[in-house]
Structures are given as C-alpha cells and as structure tokens.
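Chain IDs A, B, C and D follow the sequence of writing; residue 1 opens each chain.
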Amino acid sequence: MNQEKIVHPVNVKSEMSLNELVTQFEKSGAFGAGRLSEATKIFEKFASDKEALKFLGLAGAMVPAGMRHVIVEMIREEYINVIVSTGANLTHDLVEAFGGHHIRLSKAYNDIQLNRLGINRIYDVYVKNREFVKFEKNIQKILEQIDPVKLEKGIAVYELLWEIGRNLTDGKSIIKNAFEKKVPVFCPALTDSILGLQLWLFRQRKPIMIDVLKDIQKMIDMAYESKRAAVISIGGGVPKNHILQTMLITGRGFDYAIQITMDRPEPGGLSGASLSEAQSWGKIKSGAPWVDLIADATIVLPIIVGAVKERLTKSRV
Amino acid sequence: MNQEKIVHPVNVKSEMSLNELVTQFEKSGAFGAGRLSEATKIFEKFASDKEALKFLGLAGAMVPAGMRHVIVEMIREEYINVIVSTGANLTHDLVEAFGGHHIRLSKAYNDIQLNRLGINRIYDVYVKNREFVKFEKNIQKILEQIDPVKLEKGIAVYELLWEIGRNLTDGKSIIKNAFEKKVPVFCPALTDSILGLQLWLFRQRKPIMIDVLKDIQKMIDMAYESKRAAVISIGGGVPKNHILQTMLITGRGFDYAIQITMDRPEPGGLSGASLSEAQSWGKIKSGAPWVDLIADATIVLPIIVGAVKERLTKSRV
Amino acid sequence: MNQEKIVHPVNVKSEMSLNELVTQFEKSGAFGAGRLSEATKIFEKFASDKEALKFLGLAGAMVPAGMRHVIVEMIREEYINVIVSTGANLTHDLVEAFGGHHIRLSKAYNDIQLNRLGINRIYDVYVKNREFVKFEKNIQKILEQIDPVKLEKGIAVYELLWEIGRNLTDGKSIIKNAFEKKVPVFCPALTDSILGLQLWLFRQRKPIMIDVLKDIQKMIDMAYESKRAAVISIGGGVPKNHILQTMLITGRGFDYAIQITMDRPEPGGLSGASLSEAQSWGKIKSGAPWVDLIADATIVLPIIVGAVKERLTKSRV
Amino acid sequence: MNQEKIVHPVNVKSEMSLNELVTQFEKSGAFGAGRLSEATKIFEKFASDKEALKFLGLAGAMVPAGMRHVIVEMIREEYINVIVSTGANLTHDLVEAFGGHHIRLSKAYNDIQLNRLGINRIYDVYVKNREFVKFEKNIQKILEQIDPVKLEKGIAVYELLWEIGRNLTDGKSIIKNAFEKKVPVFCPALTDSILGLQLWLFRQRKPIMIDVLKDIQKMIDMAYESKRAAVISIGGGVPKNHILQTMLITGRGFDYAIQITMDRPEPGGLSGASLSEAQSWGKIKSGAPWVDLIADATIVLPIIVGAVKERLTKSRV
C-alpha cells in the first residue's frame, strides 16, 4: 500500500515559529495536531484564492475572549471577505469600539455577588453594566445619524452594520474594518443580542424596519456571482448553518471548508455536526478539502492565522 | 451538619414507572441522575404554575429525532406557553405536517453516496430531497392564502407562524398546536432555515416584509405582563440566549430555569454556559431554582415530561 | 429502498414503564434515545445467554453516585458474570459495606473549606475522612483473617477480593455478592486506590504479594473456555481496555458489546474510542451487535437494567 | 477594584514564536488561551525547580499520536523526573524502539476491512499486526536477558522498565531515556496492555513475579524524600489518580499542578474532575498554582514544552 505515511514524532525547539510548529504537526498528521495542520493548509489555500467568496462564521464569545484583532487581521489581509456573526460578537466589538473593556478578575466572586456589583460574567471574562450604558448612548447616537428614509423603508442588517461601521473611529473594530474593506457582515439573529434590543429601543422613538430577506437576497447574489466558495466556521450556531445553506441555493457547494468547534456530533445538533454531513446535503462539494478541528478557537485560530501569515508573506517574496 | 443527605443507592424493579425512576434519582441525588430529578422537580413546579410565562427553548434537531409529540404534549397540557425555536425545527415540523417523513437507514452509505441518492443526513436520521419539494409546494400555497396586506406592511414571525398553523391539518404538528393554544412561536433567525428561504422565494413573486422588531415588542410585552417567568431550554443556541435576554429587559429575571444540553462551559460560548452565569446578568433571580442537565435531550425530555404528567395527573385526582 | 424505517415520534404517557419508554425509543430510533434502545436490546440478548462470558466494566465513580444496587442486581440476576473494575469503585463499595456513607451537602463550600472540614469531594458527592479511618480498621482486620500462606506466595486480585467478600456482612455489597455468585472481580490497577494503599500498609507488618499475572491467567482461561463473550463497559478507562484485550488473546472477539461513556473519540484515547475501532483489532466480531451509548451512566444504566428486568420477567412467564 | 485586568486582544504576526504566542495569551487571559498561558507559567516554574519531585502522567494514545520526542525532551531537559503511564504508551514506545511504525492511511477503510488487512486503528493512526510480531520477538529476547533471580523473587514495574530501557538501542525511546536519566516509570496497570500480556506469555516458560506493592513503596519513599512536588497530567485515567494519591500519603499535597484533558467533570469520573476537587482531598496544597487545561494534548503539549524551552534557554544566558 503506497498510500501509507509514517507518523513522524513532533519535534519542538526553542524560538520555534507557529509555522514551524504546524509543519511538524503536518509530519505527524495525527489527532488534533494533524487536524490543525490540515486546517492551516486549507486556510492557506483559500486565503490566497482571489476569486473565492470567503466566509467567516463567528459564534461563541470570540470578542470578549480577545480574538478581535485576529479577526481584523483576517479582514485586512483579505483572507476572508464575508462575515456571518452572532449579535453578541458584534455587540462586544462595539462595546470596545466605544471605549469599553472586557476584564478579568483576580478575586473570586460567585454569580449572585457579581450581579450585586453590576458585573456580568462570560465564562472567565467580565463586563460591567456601565459599559452597556455607554454602549446605549453611543449606538443611539449613531442610529440617529443614519438616513431616516433608509431606516424606515427597510434596511438590511448588512447595510445597517456598514452604516454603523462608517460612524466608528476605532481602527481596531471588526465592524469598522469590515465597512472599510466592503466586507458584508450578516447577522441573521440580530434581534437576539443587546445590539438588537437597541434597535427595538430606537423604534420607540423613530421608525425602523429591519429587512432580513434583503440580507438573504444579498447573500444569494454574492454566492451566485462567485467562482468558488470557502468557509471557516468558528463555534457552530446560526453562523455555521447560515453560511452552509447559502451555497445550497446555488447548487454548487463549498470548495474549501474548515470548522473549529468544541461541540460534538453525538447529540445530533448542527453545531457539532461533522462537515462530512454537509456533503450529503450538497453544501460541500464532493472532493473539496474540509476538516473538523475539535479545539478551543482561542488557541487554534491565532495559530492558523499566524502560520498562514508567515507562509503567505514568504511566498510573496 | 444537618444539611447532609445520604446518597441512597438507586433501586430498579420490573414495571417501574418513569416517575418512580426519577423519585429514586432524587433519593440518590448524585451526578446526572440527581440533576435529572432536580430538573423534573423544577419542571413540575412551573408546569403547574398558572400565572407564569413559561418558555420552551428549542435548538438541536429535536423534530427529526422524534421529539415532536413530546413537545406537542407540553403545549396541550399547558406546561409551557411560549416557544422560541430554531428555524430548522419548524421546517422539520412542517415537513412532517405536509406528509413527509424522517427516516433511518439500515444500510451504511457515506455522505457522498447519500448526496447522489438525494438523501440528506441529520446525524443518524435522513430526509429525502423530495420531501423538500413537497414542502415548497405546500408552504408556498399557504403563504398565498395569507392576507397580502398583512404580509406587505410587515408581519412578525410569531404572527406568520400562527397564520401557517391556522392552515395546517396535521393535529400532531407543533405549529398547529401552538396556533390552537395561542402559544406564540418566536424564531429570531427564521431566515436561517429552509422555511426562511421559502419566504425569500415568495418575495420573488409578491411583497413580503418580516418585521423582527415586532416580535421583540411582543416578547417584551408578554414579559412585562407576566407575574413569574420560567424556562426550559433545550440545546442552547439562539433560543436559549433569546429567552434569557427577554427577562433581562424587565429587570426581574426568571423564577425557574432548566437547561438540557451536551455543550460544555469551557469553550466560553453561551450554549454551554452554566445557568449560574445567567444570574450574574440578572437573567435568573437570586434564589430561583435552576439546574444544568448535561444530557441527551432525546433521552431525558421524554422522562421529565412523562414523570411530570404522572405527578400532575395524580395530584389532580 | 426497503431498508428504510420511519422515525416514529416518541409518545409519553402517565405511569409509563421504563420498558415502554425504551420501546418508544426503538420506534424513533434516533440519536441518544435510539442508541439507548439499541443498548437495551443488546443487553436483553446477552443477559439471557446462559453460555456467554459476560463482562461488566466499571470505571467512573459509580458507587459514590448510587449505582451500587443496580450493579448488585446485575450480579444476582446473572446478567453479568465477570467484573473488571477500578480500585476506587471497590474502595467505595467497602466504605459502604463497613457502614460508611456517601453524602450530599445542601450548603456550598469551596474545596479548600471542605479540606479543612475533613470532607472529600467526588463531583457533587462527598465522603468524610472518618469513613476512611473506619475503612482502614475494617479492611486490615479482614486482611488479618486471610490465610497468610496464600498472601505470601502470591495471591491474585480476584482471589483477594473473594476473600474480602467472604468476610463481609453487608448483603448489598458488590464484592460480597460477587463472592456469593462466584463472579470474579478483576482490578488490574488495584494499587491505584485507597484499597491498594491498604495492602501496602499491611505489608509494613506482614508479607503479602499481589500476583497480577495470575489474574491474567484466570481471565484468559475463562475466555478460552467460553462459548460466547459479551461486554457492557461503563466509563472507559482500564476496565474497558482490559476486557477488550482479553478476547484479543483468544482470537475470537466479542459477540455482543455495549459501552456507556461521556468521553469522545476525537482526542484519540481508548476511553472515548468507538467500539467500531475495536473491530479493527478483532476485539469485536464482524457482524456482532455493538453500540456506543454517549450518555451519563447514572441515568441510562438503571433504565437499561429496569427495562431488561421487565422484559425477562415477562418472557419467563 | 484593583484586581481587575483588561482582556488585551491577542495579536499575531509573521514568524511569531511559541513563546510570543503564549505571552499574547497571557495578556488576554481568557478562555482556553488564558489557561494555556497559565499552564505554561506553572510548567516553567516547576520545570526549573531543582528540588521538586516532578511527575508526568501519561494517558491517552500519546505515543501513536507522535508525542514521543516531546516527552523525551521533557526527560532530557529534566523538566520532569517521574513518569506514571498507561501500559499502552509504553507498548507503543517499544513498538517504535524495535523499528516499528505508526502510520496514517490516505485511503478510507472501514474497521472490518482494516481487520482483514491486519491493520489496527487508534483513532486516525494505524499500526499493523506485523509490528506486534516484531514486538513479541524483541521483548521476549530482552526478558531473557534480565537476571532470572530478580524476575522470580518479585520485580517492581519500574525496575522491570529500567531493565528493558537498559537493553534498548533507540536513542529516541521514552523508556531508554528514562533509564538513562534514572527517571522511574510507574505503570500501575501494566498487565492491561500488550506489554503486560507479553509478561504473561513469558511466564508460560519461566518464573516471573511482578511486585506491584514494591512500586508503591518506591513512589511513597520518593514522595516523602521530596521537598516539593509537581504534576503535569495528560489525559486523566490511572496515571492521574495514581500521581495524586501519592502525595495524599505524605499529607503534604502538590505544590504545582497542571492537567490537560478533553474529559469533562459532569459525568463525575476522576479523569474529567477539576484539580480543584483534588484540593478537598488535600492532594493539592491550598494556595498552590494549578490549572485545568481543556484541550487536545497533541496541540498544547508541544506549545508548552517549546515555549518553556525558549524561556529557560533565555533565562540561562
């Protein structure tokens, strides 16, 4: 059998770069390390494909966990060109864009105590109530600046987010960078977030209609116009399903697919489903490279982006 | 210390009822079995609370997995009176309402083979392409029957689903039963589903505007008007977050809370977060009973509903 | 395709028995519920096979969690006839056999506080230091009563455990019942437990040699002499591997296999490995029924044993 | 509150070293990335503590997955000085020491096909039957070379493994390097492995007695003689419990503790238990740094070892 490869044990050394690490993982090829090397290889390919529609799916508390700059890097380097996100990640991007902070606490409080202190917990990260007060003041001000005709007649979520992005000053914001790079940010469940609730609040004073079907129209148009399609999905949820269903419409399926998740297939939900399952639906092409990377995205996403940056920087020279 | 309780070993016997099993689990109190008994106790309490707003959160492929009648039972028995669902569960409820089936296969096919056979996989359940053809025909016909003025001026998702429910004939349908019991069904990410894509298709021919902020208004009104609030969340995702955020607005928090999930807290996403975390946000009242039941919902949900049915039937006598 | 089966939605009713529940799960067949019905069917078959060598693998804190009587039931009803256990489950069986208790606490202490109170935690179950003092007194007394020649020349673990069982008075003890039913209890890592440490303590005063290779000889002899072989493995670990490796020697493989675990395959360890993997090694026969039940054993084991008890009781009539 | 720290978003760059990555993770501090930085900090501390007894717990298929050289690095650099392993990892180290290979396959076979081809599967790694034939020939030859008096009167597992190590020629072997560095390798469930079965085979021809209580004596002596104690546990299982129980005897507890696992606490078994739980038992000192790193060890162990190597190399200059 010539389709055999030896599992070469991983070697580490001092001052080893992320790319060198991943290259070692490619030589072993086994378990999570092997899948990480596979994900990096697929991401390297699609990141440098100038003709592909390249989706980033963003679920899980990625912004509170400090992944904001990594995502901005992906936008600026044009590794991706469409984002589908939960409302929470956008809310937290804006919290930071408005000068707020996510914090860690060295003293242990229980959740009832935190509530009394006005501190909200996101696993081991915290955000104070006052950040949301600041958030409300700033986002309402931005909403006021958007053309009221646009808001009234029905604005798509991606259009609204570009309008918000246009009004931001924080150069490190995902929404700001997406606006500048003309990367549409879709958020199919926008009302399911504090940002969404701010829209409801705005409506108490002024007319606003969110036209979610216009977002679908835009996504489908983009999908039809693309030559190839790629996805890196982080954390499952609505973003994962939404991205996969888009290529279903075109009848073409994805040409590259990566998912990073800690969910598992056995409970049967889509978040934990193998990308293989998506092939039965025709969402991923037969023969297209794909990988399920079962790992904490806060660890592996920076590795993938860092290693690919190194690879693409070198190949450019 | 008088706050100690002995872990009484669980005894099983022939012809043991679900309620007897859960009662044994209450005597042991340990691990998953203990949490299942706790969930049953909380559910028994809120199911019989006539003044509570009682949410069911529905994520994961619960309908394909055969949980449809259990959910209908919860609606009919008035154990719950609001549903927040993924679009997929509603789509699959309609697939069955239109005479379609979810199937199991005794022969093993890989996902590429399934794709060629026109069969789509949902973990170990399958649904044929032709069911979606039937789905399209039927749902478009129903959409045609809805008052076009309502559709054009902006219809809330819960209104649209009631309109659909009104037009169904299948007495076992979740959407039909919800309509009949006036249980609003919210679906914050409706466009993220095959049902949602059908609305986009409908718009190619006729005007339709989905007014997602009207759903928020309805939820918040219901929350404000309620005396108490309860939640049983299955599978995390948007439904879980959406239900929890609703009571955040009222500033009151939930009086009872149960979640059933196989997700874990460590990756930091909301789906796997402990309900304890929700207390820091004020989404669950200090002192309110809550439990995280880490279990496969297809196993434990029928047990909870069956055991509570037995308890409430007896207490009624 | 006539190999299709419809997923029949699960129906629940008041006073539903465990067997009725599992029968409903068999009709749906999907996800965890389907696998639970499959496990019950396989267990029913092998529990009533009089010619099979039937292994119970016992890892995880099953005794502290209240599963002691369920296991005793399996021994008494002859559903199983060999046990391979962790040292911890045997230690905790003895703690209870000597009149000690596992407890639950209604007040919340952190682990440092518990340590000061002399209370040891096993997830949400607790055991006091004083139970181990009692344990030491009793087990040393029993060791004194065993023929010193046997101990000195090299005693197998299963022989030692039978000697201990002979000296117990608690009719609900796993070790006692195993002794009475002549069910050998193997414990390949006996020294990795508080019971094992007591043997080391005993050796400070008197000669004792544990002959672990004699256990292997016994297991292999039993395997060779058996017509068929069956396994129900709870929680993975050494017990799972040990049982599977036994049939490897005979070159025959298991005829029935069930595993119940919350571990997953992706990290690559044996505990979470699918039983399918064991087929590549020849540990499970081609064509033999097997199932991976991803579930909390404290919930599903009582259901399986209760349902099978009902089935076998009825079939006996 | 001055115990607050801002979550600084992680920045990646081209040619970033492992240490730079972990330093970024320390600045964010959140989720898995934060815990990885914490683990690295603790490991750096104990790796450079010359007076500590430093345990490596080795469960899961670490050698088949290519972690062999990383472990050898830890031995050579004296980051650890005691190993407690499963029998499988030792078996697979010897398979490679005898010139065998673990392989990956690019063609997909199912497990029944693999069995017919004489190929055994370990998740996504494979090992051929013929490697075990070679293993048997070599290990029996080595056993023949050990002083028969030693074998007959009762040899501890760690002594036996040193004898084996003495007879190996492969400079990359864990067992060989452990022998050379006088690092005892304990394996409490040695008979639960193919290596253990070879001892049983050897006994068919010649007398051999494995004295497992002698191992306990050695571990306890080492524990008593140590000034401080540290543990890095990979994958739970017997190695984790065994290491933790050792310091229980001394009544002192560990001074540093790291665990890397994908198991979860909720099912209640020790493998997935938080190290916090170990504090209730006094196995870890109050105030000692510890961390639960929920991650795939094949990804994070090389990062920790590589980053610490860089830190210690620099601090030496």
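Remarks
What we mean here is this: a residue touches a chain if its C-beta (ideal position, glycine included) is under 8 Å from a C-beta of that chain, and two chains touch if they have at least 3 such contacts.
Bear in mind the structure is a predicted one, so any value in this text is a computation, not a measurement.
Under the contact definition, chain C and chain D share the contacting chains A, B.
With chains reduced to the mean position of their C-alpha atoms, the one farthest from chain B is D. The two copies, chain B and chain C, are related by a rotation of 180°, based on C-alpha atoms and rounded to the nearest 5. Per-chain CA centroids place chain A at a distance of 35 Å from chain D.
Each chain gets a centre from the mean of its Cα atoms; for chain A and chain C, those two points are 44 Å apart.
Between the CA-based centres of chain A and chain B the separation comes to 26 Å, rounded to the whole angstrom. Shown for chain A are the residues that touch two or more other chains, namely 30-32, 61, 64-65, 123-125, 264, 266-268, 294, 296, 298. Chain A makes touch with chain D in their complex at residues 1, 3-19, 21, 24-25, 27-34, 36, 61, 64-70, 73, 101-107, 123-125, 172, 294-296, 298-300, 302-303, 305-306, 309-310, 313.
Contacts from chain B toward chain D in the complex involve residues 30-32, 264, 266-268, 294.
Chain contact summary for the complex, chain C toward chain D: residues 59-61, 64-65, 86, 88, 110-112, 114-115, 119-125, 154, 188-194, 196-197, 199-200, 203, 208-213, 215-217, 220, 235-238, 241-242, 245, 249, 262-273, 276-282, 286, 296-298.
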